[in-house]
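The structure follows.
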């Protein structure tokens, strides 16, 4: 199952250490002028080696448009985007050829498929998300034309958590003003320091990404099994290392009283909105016009720069030596991935709504 | 979008205050002996009026098998289960005919469909989950034959949260030993008391349900966009009032270090397992044979037994008077719903795996 | 696989000799006023016992609306229609309990499912098409509002074939003026006579149904694997006893020259159309605004009123005695079925087109 | 809609005169050794310029494996095959930039998408079938391992029709012994002569392809809306220029009597089969173990090598001059396309069956 979406479908293919990764986008409306540079910008936000706190692996992640765009406009035919692999040091993985790395997909892929591509995870590698980001970038452009903007940012690295966020900072400039992609500068500095320390110690750390979608019309969402937040949640849970999804008031609402978290309607100059937004912009699975807000929890990267005990395919104890180049914390690079999948879901649901 | 699943598909239909609610199950293997009583038992765990802490509305929720079962065995043809509505006091809803209830789906359904069935929510009512529970009960029976057992229980009501749970209590008898469905008796008593108080005050309270699936073989899950936890998450987020989903270590992993939460493999008498289970039984989207664990957060019921301010379709201020019979806290009745959808997903993925 | 369609999905359930047959329609737009009588009229055109040349089995085929319609309008929720079975003489089938009837689905259902519902075919019975006709009747109403009309009629019974058809006869009154549903009166009389003779001899005969859809806008159809004629063909090939589908010039075009069958465009008062219509209203899989025309071939009914040799489940020779009440020729009753599925496909594609 | 299949899904992309055409195959089982040469052989049977009676356009149609194959075996990940375009003489199409070619998709694509890729049809070009053939070739290899063989051949060119076919000639050697791909040598010679004459006259001619699938187990097919013949029909109707599909006795059964065309079962040494095969190997939508037979009708190529009248986008009369290099008759090159789609459907249904 490598296809996501209903009206707008993306089919993902490719693996780390093969020819490349790519995506076929089906259902994109004809006649849309594509901004190729904007796609590359999003890919650059995801690519390895972009800052001192990401992996030092180098990939330019330059994409090719294989189909579906003619004279810079979409034709209505499937758009295939392909990103060739470059810096594939397969030798980095020889030492783990027979070992099951802890908390990786080695064991389960072996169990399911009877073999696995040991070179950097193969299909289970987060490298495949490069294709998603390229596809999502086109969807983001399309949504912007409809007045819908998606912004994601880091709101947690380890125990450092932004509990409140100044809304004026929720813009791309603030978010990208630091390598962590946390718009709160002071917090970002602390987070960056934490990531540096953790890397030095050969360890990794988790974090969380928050997303906010504004300009959404009333009526996106397809009850009962196509609720907008369920589609967003499913997409987010498809990202490597994600362990949880919450929207609006989220998990905190489990401890709340109805009288405190009901969102009351008000009519402001003929425009109906809610005074609070514990609903996170979605009620009964359908957008209500308020900002859509959700949070995604990422576990720490499983590959450590310290020796780890494990077993091999024969069940024998082995020690996995630290090798290769890896991220100490994925959330800074996860920001464009969250945006991409959110954009693909939102565009899909916009098309579904028939608005 | 009223269909869930890939190989095993359930299509939901019906609404509160219409003829009834039902479900068509497509893809159920032929030749399975159905235990009709066991279906009714699960429906009884969901039905209103079952205890002092649920709504006092009365429905027997007796189901009819309309198709797909011949001489008590499944035939491979679609199984239609239908549950007629009984205690539909539509007059209870006349007072809200034109009002948008806070944090309900009134406003969004009106916006999307240009009208709404004001009688108790219509299609957006949790009554539709009766059909899901009936369908899930058959899937639970089928899974049990394969050695897979699903148990859900309440682990949080408001601020009362079971942080640790004695594994020996994770059985149906302990869970159903009290009306809250929390297997920890002492905690259950506190929770019940809290719900009673909250009801007296005319308020409502949120909570959380935890699920645990044991006996799962290695290899269920379909990368990339059919990861097992993503399918479970999507199903859970389809349940009314759910605000969040996490699996394994969940949101806590955002603050963890890799060295603390990596699950190390061990070979125990030729059986490979992990020493810890922060992965929640799923790695790379595929089951690894360990128990699958996840948690679902529910918001407080939006309908309060106290007056609430709102506006009507004309944008005029109105006060919604407390009327009707409602749950002060949904999690006790949500337990069989969580089990049902989990069972439908697990059976679907079992069939998908081709094991 | 009991679901047909993309935006408008119908899920079929039920079997002959069970509780009844039904259908769930998902994706039907909200706010459409349903004409329940018109649904019954189409069911009456399909029901057994309607004339001297159909089976004498009696069913009133009265349908129930179980969901999705509130105050006579569609709500956007799934519409469940249910048609209880009535005249189910299961004893008629005791004599074939263990035998494989020639050219029926007995052998293949047994092979696939390990058992079969021997009472009149169970799920493989054409009785299930009653649900399709009910669903299609609503779609026909909806399409009429958009100016799209679907008419099917019999153009062949055995060797009697209408090679030319006066267009002025292509209306419901002419088609239903005789029990054969062939609008050419003289031909209809011959066909009726042929069917009577064949019935007398205990034999059955095949035939063909032609359909014509007018008022179709340009642009319905989804290349590459959702071509409009491919969707229509797939739907028609889903009808019991159908052996072939052709559209526009059909099989005759295999022997034609391009210079003779190319449809040349002309501009008639600003309206672009083609001078001929060998394309059958569809070019490149997309409607071109001309009438859509197709033909469907039906084999003779496999159940004969004469003894037939066969084998039973043990491989022993048996003779199947003629019993029960059956159609000597299915095409008169197939007319509303062809219309129904065509309507469901056309409405689905209209919704897909976003026009 | 550019995806075909259920368990085995192929997503097609690309267009004539772009970078190339390709396909992503999802759901292919892991661990299958792929014979890359056999893929190229099927592509060579489809490619232009292969004989004197096909278009003289030259493409080597060399394919690249972009993903999903590691150390020559399938990995379970999506397989992307890409075939770069080579001989794209876009100037050949300048003269028709604004004109609607008769019986092409120019007018409908313009109507649906608001523009069209005038260079050789763009997405509507039969060039896209190169990707299908590559995908189908892998499926054919996989099916052969299961004992299932698919053979297609030409049985009609214009009025020349093989009414009977010696079964001993139904092998690849006989079929490919002549450029027409009709295994009856004498008939093939006549057909070749006819095609040469027609080309000389600047005209084109239709034809038909017959397919025969042997070694099929009992039980493939998914009632009701996934009948095996309906899936095959839908796939065939997706091929450019196809106007009709029939299986088993086909359209001739419309004029038959039941007593003449019922297939009687017999037990031959414990193996149950039918004495005749009017059912075409499929009963009730499910394979019965007999050879599956079907026929596909192709219209004459719409592009003629003689001037044709038409209109342009402004509705003005234009004359389309003969230009470019085109096939006088498509059926010889359609043979591997029919095989490819049949193989994809059969493999999909094999996987669906769970056998």
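We call the chains A, B, C and D, going by the order they appear; numbering starts again at 1 in every chain.
Note that in this section contacts are C-beta pairs under 8 Å (C-beta built on N, C-alpha and C of every residue); 3 or more make two chains touch, one makes a residue touch a chain.
Everything numeric in this text was worked out from a predicted model, so none of it was measured.
Visitor: List the interface residue numbers of chain C and of chain D, divide the shared ones by all numbers used, and answer same when the ratio is over half, different when under half.
Guide: Comparing the two copies, chain C and chain D contact each other through largely the same residue numbers, since over half are shared.
Visitor: By mean C-alpha coordinates, which chain is most distant from chain A?
Guide: Measuring from the centre of chain A, the most distant chain centre belongs to C.
Visitor: Roughly how far is chain A from chain D, going centre to centre by Cα mean, in whole Å?
Guide: So the centre of chain A lies 40 Å away from the centre of chain D.
Visitor: If you average the CA atoms of chain A and of chain C, how many Å lie between those two points?
Guide: It comes to 47 Å between the two C-alpha centres.
Visitor: Averaging only over C-alpha atoms, locate the centres of chain C and chain D and give their separation in whole Å.
Guide: The mean C-alpha positions of chain C and chain D differ by 27 Å.
Visitor: Could you check chain C for residues that touch two or more other chains and list them?
Guide: Each of 1-3, 12, 112, 123, 223 in chain C touches at least two other chains.
Visitor: Considering the complex alone, what residue numbers of chain C touch chain D?
Guide: Going through chain C, the ones touching chain D are 1-4, 6, 12, 100, 102-105, 107-109, 111-112, 123-124, 128, 156, 158-159, 161, 198, 203-208, 218-219, 221-227, 229-231, 233-235, 237-238, 243-251, 253-259, 261-267, 270, 272, 274, 278-280, 282-289, 297-304, 306, 308-311, 315-316, 353.
Visitor: If you look only at chain B, which of its residues touch chain C in the complex?
Guide: Chain B residues touching chain C: 1-3, 9, 11-15, 18-22, 24, 26, 30-31, 64-68, 70, 73, 75-80, 82, 112-117, 122-123.
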